[in-house]
Amino acid sequence: MYESDRPHEACGIVAAYGVPSVANLIQAGLFSLQHRGQEGAGIVVSDGRSIRSHKGLGLVNDVFLPGRLAELPGHLGIGHVRYSTTGSDRIQNVQPLVAECVDGIWAIAHNGNLVNAQALRRMYQEAGAIFQTGTDSEVLIHLLADPMYRNRPRRVARALMELNGAFAFVLMTSTSIMAARDPYGFKPLSIGKLGEGWMIASETCALNQLGAEYLRDVQPGELVVINEHGLQSSRFMDLDKKRMAQCVFEHVYFARPDSLVFGQNVHNVRMKLGMRLAEEHPVEADVVISVPDSGNSAALGFSQRSGIHLDYGFMRNHYVGRTFIMPKADARARSVDMKLAVIADVVRGKRVVVVDDSIIRGTTSQRRVSALRAAGAREIHLRISCPPTTHPCFFGIDFATREELVAADRSIEQIRQVTGADSVGYLSIEGLLSPFPDAANYCTACFSGDYRVDISAVQGKDDLEQVAPMLKFDP
Amino acid sequence: MYESDRPHEACGIVAAYGVPSVANLIQAGLFSLQHRGQEGAGIVVSDGRSIRSHKGLGLVNDVFLPGRLAELPGHLGIGHVRYSTTGSDRIQNVQPLVAECVDGIWAIAHNGNLVNAQALRRMYQEAGAIFQTGTDSEVLIHLLADPMYRNRPRRVARALMELNGAFAFVLMTSTSIMAARDPYGFKPLSIGKLGEGWMIASETCALNQLGAEYLRDVQPGELVVINEHGLQSSRFMDLDKKRMAQCVFEHVYFARPDSLVFGQNVHNVRMKLGMRLAEEHPVEADVVISVPDSGNSAALGFSQRSGIHLDYGFMRNHYVGRTFIMPKADARARSVDMKLAVIADVVRGKRVVVVDDSIIRGTTSQRRVSALRAAGAREIHLRISCPPTTHPCFFGIDFATREELVAADRSIEQIRQVTGADSVGYLSIEGLLSPFPDAANYCTACFSGDYRVDISAVQGKDDLEQVAPMLKFDP
Amino acid sequence: MYESDRPHEACGIVAAYGVPSVANLIQAGLFSLQHRGQEGAGIVVSDGRSIRSHKGLGLVNDVFLPGRLAELPGHLGIGHVRYSTTGSDRIQNVQPLVAECVDGIWAIAHNGNLVNAQALRRMYQEAGAIFQTGTDSEVLIHLLADPMYRNRPRRVARALMELNGAFAFVLMTSTSIMAARDPYGFKPLSIGKLGEGWMIASETCALNQLGAEYLRDVQPGELVVINEHGLQSSRFMDLDKKRMAQCVFEHVYFARPDSLVFGQNVHNVRMKLGMRLAEEHPVEADVVISVPDSGNSAALGFSQRSGIHLDYGFMRNHYVGRTFIMPKADARARSVDMKLAVIADVVRGKRVVVVDDSIIRGTTSQRRVSALRAAGAREIHLRISCPPTTHPCFFGIDFATREELVAADRSIEQIRQVTGADSVGYLSIEGLLSPFPDAANYCTACFSGDYRVDISAVQGKDDLEQVAPMLKFDP
Amino acid sequence: MYESDRPHEACGIVAAYGVPSVANLIQAGLFSLQHRGQEGAGIVVSDGRSIRSHKGLGLVNDVFLPGRLAELPGHLGIGHVRYSTTGSDRIQNVQPLVAECVDGIWAIAHNGNLVNAQALRRMYQEAGAIFQTGTDSEVLIHLLADPMYRNRPRRVARALMELNGAFAFVLMTSTSIMAARDPYGFKPLSIGKLGEGWMIASETCALNQLGAEYLRDVQPGELVVINEHGLQSSRFMDLDKKRMAQCVFEHVYFARPDSLVFGQNVHNVRMKLGMRLAEEHPVEADVVISVPDSGNSAALGFSQRSGIHLDYGFMRNHYVGRTFIMPKADARARSVDMKLAVIADVVRGKRVVVVDDSIIRGTTSQRRVSALRAAGAREIHLRISCPPTTHPCFFGIDFATREELVAADRSIEQIRQVTGADSVGYLSIEGLLSPFPDAANYCTACFSGDYRVDISAVQGKDDLEQVAPMLKFDP
């Protein structure tokens, strides 16, 4: 996970209300969501009167060193962990964003990608607005501040209606927290009850670990407001069942196995994907191994369904962090995979099924096949618990560009050659959707190109790329 | 200097054009202006196409650790050192501010205080604008982005015309740097020539140390633009000689002795103030000592004019920085002045004239008088090289509040009692202005209450204070 | 792993010779051994003439920030990762130790515990020696410097002969590296070939990941010297087969699954322990889960032998590091286990076998049983892949004190009650040794009290504890 | 001061007894002595039972961040600030050194240089001792631990008797502090009374700033022990008045002007040196300026005696610290002196007397003469308040090597040419000693080559240099 050759998720978000020392709780929640973003973290809290914040680059525990939390008193707040697409440190882009409008301060934290952010940004800029970050999330604050929405009832709902794309938002003022999901339901967002208080988080694992009771998901198109009057729900967009587009990659790769995502336990789903994979691509072999950790559940499922023994063929070094600098001076060392080591005894002389969650560029798979061969594996059969990734995602997943996607214009046989495996088997789209009773509600665009959201604005992505040097400034 | 009991200056600013590795030059320039702000520093550069920035909390050399500058390639740029009024770290308020308007990115750095910032802020907020910092400088970017100015010739000049108060600004786009001074001429800003390139700085000491040749000051009401077409000057506001308001405190306290400020060498001016002080408040004494470092030049002048020997009665520890935490556990230590030590041999048994640049709250003076007495001084005569500070400054000097100003409603005799000295002599306003051929051009409002700028907007300072908790957010 | 309630291993060591930019290689080797010690790391290198070192507190990648390695040129060197028994930072105790004797500089790094260190320390101190660290390793340098050994042939061998207890040492001078294991063979130490050069490491995983070819283990009682003349082996102590005492806990818990330890693959051994555990303590159940990561292999073995399905019932958060400060303000959060989360779907309504590697105090097991119950597990059967830990280890494992060992004086039924499980089954000593053809060569003292080394010197451990406040100074 | 071209002092030391929270006091004391060493700092304290320490590289306030002191409880302790001769960070060499002997723990801190340290080191090494630092101070702990001294009365005195060279030591055990000065009296060391407790410091400025009452100096050859029985004085070496060798450079350059050193106020002495300099080298000129800060007092004296007006021609930037990295990319900037700026108005068209404390290599003087010329000075007359520095110091001053000493084999006229001044005048040795009633007690070897200590052992300095690469290891 989290290699340059893996898909990247944008963020994890948390909000809480009615909890003493809320910053501690939010920090712990962000820590549980650390897998969703390791490049930056921020917390904003309020004691009902003053809003305070702290954010920084790095892991949650590095940003919030001992002592920091004590400077963030309050009983409501929101938090964010962020993945950024470049290695440079852009403190300005770390969320939550905080800004003062005429009637007070808003803080927002966003998971997802808005396909009309650029259009809205230009529209507001034409009217005189300035943007101080490179994030697409900043447009929401401009919408909230816009008199057109500001001075009418249901201001937040009206603002959210203008957004198109994938989003799970948590927002706050000095007295309320809010949570909203786009009407397609791309991104997960769950509500929990914690004593007298409330907690919102991208994944239920954050609720569980803090002892909060999972109530339900924020619904697609729903806006939830929590304050001294309790929780109020409203709908800013009708649910169009035909347009639901829950991100199946959350199940395949992003989410933590112990989370409920879109109502299904992630580990269970992955087990079933592994079972289906065994049915779709059976193979005679001696052992099934996983590419840890994201392939673990599917490998277990594959083993159970195929009857081929599971074993642990790769050992993962969990100390690899973003600060690790690979030795450069020694050519031998350079080609080495410091994250995964082969347990040679497990694969030597064996016919090995390797279960992985996806192949993006193919280079990592190639390196691992080669490491297994060097350790003496007799046959290597790659089994991938999703279909070939052939199309870019415009909704928050940072795949490699289309040119870099190994499956974009290669046959399975060609992919096999790239990886060096003896066989490669991908799960079918049907297989991928088989664990879900609400299969039609899932977006599979990255496998099929069937985008359920109008991306023509983004197809002006050429424009977007032209302005990219501008957008990617580091203010 | 730079004690809690001293007046605080807001900032130092630098800009440069046409210099290879411009970030190095700007860093060195900021380093020369470090006395104007120690809490934060930032540099923004452009290579003509991309804008890059880095900023952080702390001293210039701490923010720009080795290696940082290499990440800021370019031949034009601006920089800022900042004093902030609280100890908390508010990275968002560190300048230069950078923001994207519809037609590109602007970066600005500001020294001074805008009396109508709050009004402009509310006006833009009413119209839907959001503010992401607590600085008054942010309004200028909103003005620049406003279609009313944006789409007309002389956009920057038009925007600057809207500002009222004290300002020296440097601005930049990806291809030009700009510099402007308010029409009152409150804050200093000088232009230098450096080889084929140009350099702008708050004080000439920055030009001198980098080998730049001092050309002239940016004129009050002048906008200077420097780009590939060279330097163009224009005027955004006519100079109203009657309204000139150069800050005399720059000479008294803020500026470095080796700088030319408003056309006069600071050290020379201070020498003359000291001489005049000796004339206005003669005293029989054995020795003249200075409160270093800001009192040094005036003490020398006092000595020369009075004929009383100069000596060094205080030793200053220059290692005191903002991170120094006074020992708390030991009551003895707590009352100790770690910055200034008395050289007892110099004052023992003597009648001592102590020349200081100002008395703000009186507590520091009291502590020092008491230290001199403990060291055996027989008589202590405080001589202050400016008049009693009786009124607040709305133009960028962060005095204590009026209630805290010891001179606000005390007679000289009462002040003498507070400090414990045997006599206290302040320079008269006439004396203060005597070194300046253009004396009428100076603002002396903090001594006289005679504000040359309409501060009624600020008198709505009550408003400003009401919203202060909001403004002082830490996003 | 690495919880306060787990046994603690002292160290990992690495040495290399004949490798350009050897510091890079040693860093990568230490990184592979990071699981053996996370509190401090150090590297000492030589270019054949000058010896340079760097060490610090923290993880390998934190101590050796980018740029550091470039300051350590050379082609031979040694390295160390360290676990220290307290949270305080004692930079002085971080190894390798470096000291100058009359004939040059020695650096040493040690894994293990010397039972006669205290006696030797006192002996040398009586003679006038001074000790600047609290480590038992320092005595070896005194031995090397002692004229009694220094001036005779086979100096290092003679010095090593004086040591009693558990040790794997790497040593270096400016021109040679050395490696030695105690004659009991307590601690693992392996030799690899890397191109023209050599590499020594505590575990073979470090060799494998760097592409070094595993040659063989350093033999118990063997001293290996590597320099420009190649590798020379000699024996400083005859091997007494009857006294062999390889640490079985290396297999049970410490070593990485992909390492060969004492000639056996760790993962394979653990699998077999799990199988044997299933035979010794069968149970009717629905699912087998592991306490990750150290229980994974045994759980797999248990599942395979018992025929009960394996599943993943615990999710481990790998971002937990030493800097994580648990929120204190919220009582709810305090009781939370941030490292392991239950996947409720896996255990709900099930009869669950939980395979763990050991129970030390019982408090962690109790917490996890309770978490499983809360998640709905119907029955919980703890299966431990080693016998009850009843005796302290004097050879380098930092168990809790005997009083804290839950098994020290409790029956299995009593332990069951402490943990709250429905049943508890420990592996027998015979079962523990069953995977090893050379079973007699293993130390099982922590289960049996049968110490193969005379610990009467340590029984003077009372003495040792008396001087402990002295030894534990932090110079 | 503290430039690469200046003489370097080794250290400042502090000790205190009978003070609650003694670490706070010692930190404040070290802060007052920061000018004596900026590269490292350490504090060791005892609560009468346990000894605790903390040390690190950098300034006092950087090493002892808030919170650190709370971890150092106790009522007695010692501290040290250190200058090291290389930029590399050698944490091992930072003092106080702490080591355990058979009968307890000793901590020592040293200012000075032992000429027989190398011989003692070799002697102990021959006997089997190991050395873990590159400092000459380590031998004292070996002496203290040596049974020859350890088991006899007056152990510390006996150990001190073996040392030859320059030293001021503070030592401590868990219950006592000690202080000693070499019989030549090279280095200053003073005793103060602080309430019921005691304080020892290199300079009285540390006593003054903490409110301690100066009692007297530790006498040359005296050992002072302070513990629950109060202060006991004894003599480990008779005072040989003929051999007294107080370091005159303490007065010329090292010590703070507000300190009493060897019974004389430093500022007063420097004033007198300046006066004498005016007598010995009169010149017709318009203004006297100082090279701040070390030349300030002498310049004042020169001005008073000559009647030539004093003025401030150089402005010093006090923010220059060890972390400042001069911009490299711009050639213009590279030649710039960021520490001193000329105040051109002061020197333009003038005949200028420049008073400096010493000339070491001449390069700095050359640069400053050149800066004054560039600023328009008509004539430049260097006046140096000590004689030409022609010989190396073996007692703790780290001059440049003899080859680098500009005065080593150049005439005054040649030195004038090197510096580019119009005239150069050095003080005579007689003049240098004229302020001291006990002039015969001063060492002037660096001006005369007349060493009062047998340096033949050091003449084996060739040996010392041969082993230097070994000694300078960085363990």
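Lettered A, B, C and D in written order, each chain numbered from 1.
Convention: contacts are C-beta pairs under 8 Å (C-beta built on N, C-alpha and C of every residue); 3 or more make two chains touch, one makes a residue touch a chain.
These numbers come from a predicted model, not from an experiment.
K.L.:
Comparing centres built from CA atoms, which chain ends up most distant from chain A?
P.N.:
Farthest chain from chain A, going by C-alpha centroids: D.
K.L.:
How many angstrom lie between the CA centroids of chain A and chain D, rounded to a whole number?
P.N.:
Computed from C-alpha means, the inter-chain centre distance equals 59 Å.
K.L.:
Could you work out how far the Cα centre of chain A sits from that of chain B, in whole Å?
P.N.:
47
K.L.:
What whole-number Å value describes the gap between the mean CA coordinates of chain A and chain C?
P.N.:
One centre to the other, that is 36 Å.
K.L.:
Could you list the positions in chain C whose residues touch two or more of the other chains?
P.N.:
None at all.
K.L.:
Tell me, which pairs of chains are in touch?
P.N.:
A-B, A-C, B-D, C-D
K.L.:
In the complex, go through chain A and note every residue touching chain B.
P.N.:
44, 49-54, 71, 88, 91-92, 97-102, 104-107, 122, 125-132, 141-142, 145-148, 150, 469-471, 473-475
K.L.:
Going by the contact rule at the top, pick out the chain C residues touching chain A in the complex.
P.N.:
Answer in residue numbers: 19-21, 24-25, 27-28, 31-32, 34-35, 59-62, 65-66, 69, 194-195, 205, 208-211, 256-258, 265, 267-268, 271, 296-297, 300, 304, 309-312, 315, 317-319, 321, 323-330, 332-333, 335-338, 341-346.
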